[in-house]
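In the two complexes that follow, chain A is the common piece, with chain B as its partner first and chain C second.
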Partner chain A sequence: MTIVTGKAEARRRLQPGWSGALRKIWEHRADYAYVLPAIVVMLIVIAYPIYYTVELSFFKTPPGLQLRDKSFIGFDNYTAILTSQVFWKVTWNTLIWTLGSTLISFVLGFATALALHCDFIGRGVLRAILIIPWVISAVAASYIWKWIYHSDFGIIGAVLVGLGLTDRPPNFIDNVSTVLPSLIVVNIWREFPFAMIMMMAGLQTVPEQLLRAAEVDGANAWQRFWHVTFPHLRNVSTVTILLLAVANFNSFIIPWIMTGGGPSNASHIWITHIYELAFGRQRWGVASAYSVLLFLILMTLGYFYVRALSGNERKEGSA
Partner chain B sequence: MAHVVLKDLVKTYGSFKAVNDVSLTVNDGEFVALVGPSGCGKTTTLNLVAGLIPITSGDIVIGDRVVNGLDPKDRDIAMVFQNYALYPQKSVYKNLAFPLQMRKLPRDEIDRKVKEAARVLDMTHLLERKPRELSGGQQQRVALGRALVRDPAVFLMDEPLSNLDAKLRVQMRSEIKRFHQDLKATIIYVTHDQLEAVTMADKMAVMNGGYLQQYDSPAQVFAHPVNMFVASFIGSPAMSLIPLEASTANGNTVLTGAEGWSLELSPRNAQKAARATTKKVVLGARHSTIKLHKSAVPGSVPAKAYTVEPTGDVTFVQALLSGVIVNISVPPNIAVAPDEQIWLEFDQERIHVFDGETEMALKAD
Partner chain C sequence: MTRIKLGSAVLRGTVVPVLMASLMSTSALGAAPVDLSKWSPEYVRSIAGTQDFDTAADCAKVTPLDYKGRLTFWYQGVFEGDPDLLRQYYKDFFETFRKTYPNIQLEDQALTYNDLLDKFRTALLGNAAPMAVRLQILGGTEFASKGYLQPLKPEDVGYSTEDFWPGAMKAVTWDGVTYGIPTNNETMAFIWNADIFKRAGLDPDKAPATWDDVIKYSKQIHDKLGIAGYGLVARKNAGNTPYRFMPQLWAYGGGVFDEATANPTYEQVELDSPQSKAALQASYDMYVRDKSVPVSALTNQQADNQPLFVAGQLGMMISHPSDYNVMLDLQAKATGADKDKAQTVIDNMRYGLIPTGPDGKRAVVFGGSNIHILKPEYVEGGKVDEPAAKAIICMWTSPEWSLKMAYAGSNPGNLNGFKTKWMKERLDNIKFLDVTTSMLPYGIPFPALPQSPEIMNIIVPDMLQNALTGAMTVDQAADDAAQKVKDLMGGL
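Take a look at the complex of A and B:
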């Protein structure tokens, strides 16, 4: 068989009344044929799960995997979520977790990048060591930290007792008031090297002549940072913060392995909570409704991320 | 404005000497060009004067102060950079105001000075724009303005025109020259382009390998280069340097070329050649001091045309003589073909004689 792509042939076959968009698709039908397999795969692995999650969120689902017994309940799952105390608790935790981890990781990573940008002996070794937390597996890191925090055998507790600062080792992750900050510390430890690498790369693009010009103009080290280095790093900072925020909003491994969301939901964030609802308690409908809400929030973050990126391109394009 | 004195200035990086015992005096209001090929130490010298890198030894005097250990901001200098170094996030106004803000001047005074500088450089209409909205020439003018508002004792310029296209470079060249004349500013100007140095500077310091080769007015450097490096670096096309052998017969000094021809020297040039450390001398001749003949005339030497480059009002002929290429300029109406046999006659009043061993210019009494 021959594929006819000639415009005259296409026009001959077109029915009157077809809209412009369809006409265009028809004219480029060979191009669409080439990407069709990829589109089909995407539909199966991305679009269908999203659709199915949205659909499930409107159903009451029995426990177990008997999803054919589900019954339509409209927005009941959403109302239930938004009126439950756990929802607000988990949302609050997620906010603290995301903002705390993101901002502190960024500031710490930026500070480390600035320190490593200076020339000193052992810089390469130090840089390599500092990247380790980021490259080791999150699961391994979680177990290591679980032991570090352990109330009976943990090294932090032992050191504090040894120094005479407390009588008993503190209970970091079995205590509702300390569990979330303790997990945030682990998360920061794990991801500040990412911010460090991003900012180090950014620092290398600061033009040397600009810094020299500022020096001749009378700017001291802090003023050079504030007037030259920092403005130059604005875009890379935005991108780093957004990437960290999305990653933190979505993080699962550290809280799930270290505490499983406990004690009494004190360290549950959205992702762990959804996971527990779905795969722990098999409340598929409610978990789906949670996922839809999460999806909307992340799409909003994603919108700002893309806008920040395309903003850069616009600026560079006009330069 | 102030004078600048460099005394035995040395900068070393490990065992590498970037600047070697450079001494020179820039008088008040003088425009001095540091010129040389890349890696000759000219930019390093400028950065030493600016205080952006510390000196190894020697003294730098600006005005009547020794500034060796002072920070750039305390040296009363302003600098213009090759890629303009404008703060990209700041408007032109804020770029101009920045050095004054850093000096904590009152707001109204900053405003007055910025507007004055903008008026002088004819860029009042650009004050609200960002650097990226300006052309290369405008950006360089803003960079000049940022130096100007400070009213510094010395202006340091590091290849300020190299990023501009050829046409704009010529235009900005005259603008900077005008800037110097109007302000009676002391300017130290680094360039690798000898034409910029020759056209703009009151004096030029020719550097090579970290050493100051010659420091004099462009006319003097052009007419009396102290050595073969300066001779070949200044002037375009470059001075032709022809290695020859000197000998004396019947009281006359003759130079013999590799092809066997000989050229009798005038008494004055013979005196110069006699002072060479060995028999090897190098004859230096600029393109305009060589006459091209189509047939042998007394005092001419045979050569072979190599390439012919018509430029419109003058045609440059490259000829092979004694194993080197010799540049000759001829009127455009004289037709020369490649590989044609030609004869060259040197203007003995205007040729240079160099010592083939030391490469230094030889002088007569």
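Take a look at the complex of A and C:
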């Protein structure tokens, strides 16, 4: 039932030509005023850099000149990127990095959350210990892992040699074939606690009476999980996967500190490549074009993230 | 822009006591330059401690000691691979500057070698650079050519151009104009562990004479003792890589251009020459064929080699004399049996000249750092306090401080630093200094081109990595690098 107040009616009479959207904005002007400072800040620190990056992506910025000496070249930077071999190599690395890190972190985090959802002695302590990789500084973790993996004196190599399993320490990060999987392992170690926390929170929302009812109906553990628990976790899973994917696509610290994108570009992902192009080689125009492409991909992921969140809200609203 | 005129300083009575003080000691302003034609360890010893300098009095002639101002200053400072001794000298310098110029509000920021260029470039894009900056030798030409730096020559801070190494002055000169002053200049040396040599059946007191010997020795050490022979370094975006590979490249007769010749023109790219390929092949032989160097070379910097060396797991490396002090620092931090082990390494540490190439050519990077003043339009706030900037530059490039700030490993940018009492003290305290001063005549500066940082920090290490990982053959890696340099020089 819609209640039309006299005030609202009078407002409508005052602005007879306004469209529905504008009228809504006018009606919510106080709300907009509250968010205005945040919008202004966002325009300064987000919208302008985005605009500038897009603009710069259409310019040639020779490394020997100042940025103000740039020249307009249209889509040439985009063409150069898409036709370069390095782009495809870096894109392939990025896909492996993002998918590998995201999916394995999620599965591992989910499995751990399920294990920790059961009641057992020491659960709290275990939960606290498992969160450590996530709260530890990524920079510190990268340096520690660099030494764990060290191709000559790493702990893993020493243990394997000590056990007689190998003559020489395995080459983890100085080899083009093994470097990316090795970095993904570090990333998973750091990220799976995030997935674990998200899924643990999700598990709290699964109605206990539904599980009990299913049990009474004769459903076994797997059936209870698949038909009751998992459907309830679908939205939180989507959100977790999207957040992990966005974070991994944007990930910089671990590959940069541990290998600098090497050896021989084997661990360069988009973000490290962009950094090197911009700050190491001063190809600001090309780096900007890369950034625009990355921005579009992340915005697409962001769209699905928002959709997933809205889906949650709608579901909760209808429930 | 703030300027102090000499006349107004005299009027304020600040110069008179300064002139009196300068009469009491020999001023750097009138000192005769060191005779480079006589350069040898004996000559360096003969001139050490022969002259006194009064830094405060000399700098007061440039900027009065009571000058009131504000200075923002970034510098390439000490990092994890430097000895504690150097940390102390840096601390002392800034304390002394603040005492000498109590009315200059100094906002200083230290950055490591590998971070400074990135941060400085970014700051320049946003017109948020500091008023003065001390950069690695590679950086001067890049920023001068782009118009970020003010003209600045030694005469502007009371010294003469002849007081500095001619090669170092080239690195701060662009298009005939001088844009900075060298603070320190360095040449590294060859270091080996005599005990490891002995155990491997090599002469413990004899350094490998040629790079081919290095390859042989490295293999022999590895095969006999199961440890790494030579401390190859091939990480990208790290200054350590070109400092260690370029001497090898030049010794084999190669180069990026013709920078190893007396009058380089930088017109012809030489990275794909047979000589350059031979140098790359030497690294390949050690890393891939013989597996006689650390596997971790592709991700290592020299700071990673130091613990390996002190642990007795590395036979040879190229570095500064300061590595001796670094070993002492590391030994002090070790415990139990590790401490004794480290002591054995220190007792067996030997320094020698960097090996020659097949034709007897010996080369080393003539490295170092320069100090510069920025143009006001690129500085935060749009103003440069020039007298304050010149005050710190005068102090840092003085005979006293250019020596002290290079005490443990490098050499003073100001040649008069070799005449100070601190040089004499240093010759007694810092082991193996003779070797690096002997290497100075073999020093070759990086190409004085704005493209040099990208060539040295990215293209050369990429070439090494491409060859050593098997991503490309030696020939392909050298050709690929040469093409990248050509593209870069062509403005791509």
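Here is the rule we use: the second predicted complex is superposed on the first by the 276 of 319 C-alpha atoms of A that agree within 3 Å, B and C clash if a C-alpha of one lies under 4 Å from a C-alpha of the other, contacts with A are read in each partner's own complex, and residues count from 1 in each chain.
The criterion applied here is as follows: a residue touches a chain if its C-beta (ideal position, glycine included) is under 8 Å from a C-beta of that chain, and two chains touch if they have at least 3 such contacts.
Remember, it's a predicted structure, so these values are computed and weren't measured experimentally.
> Just chain B (first), just chain C (second), both, or neither: which does A:210 touch?
First partner only, chain B.
> Mind telling me which of the two, chain B or chain C, contacts the most residues of chain A?
After superposing on chain A, more of chain A is contacted by C.
> Which holds for A:227: it touches chain B only (first), chain C only (second), both, or neither?
First partner only, chain B.
> Is A:218 touching the first partner chain B, the second partner chain C, both, or neither of them?
Only chain B; A:218 stays clear of chain C.
> Figure out whether A:171 sits in contact with chain B (first) or chain C (second), or with both, or with neither.
In the superposition, A:171 touches chain C alone.
> A:133 in the overlay: touching chain B, chain C, both, or neither? Say first, second, both or neither.
Neither partner.
> On the A-aligned overlay, A:262 touches which partner chain: chain B = first, chain C = second, or both, or neither?
Only chain C is touched by A:262; chain B is not.
> Going by the contact rule at the top, pick out the chain C residues touching chain A in the complex.
My answer: residues 118, 121-122, 125, 145-148, 228, 234-238, 294-299, 308, 313, 450-451, 454, 457-458, 461-462, 465-466, 468-472, 488, 491.
> Flag every residue of chain A that touches chain C in the complex, lowest number first.
Touch list, chain A to chain C: 62-67, 146, 150-153, 168-169, 171, 173-176, 258-266, 276, 279-282, 284.
> List the residues on chain A that touch chain B in their complex, please.
Those in contact with chain B are residues 207, 209-210, 212-219, 223, 227-228, 231-232, 234, 315, 318-319.
> Using the touch definition up top, name the residues of chain B that touch chain A in the complex.
Per the stated touch rule, the residues are 50, 52, 71-73, 77-79, 81-83, 85, 87-90, 98-99, 102-103, 132, 146, 150.
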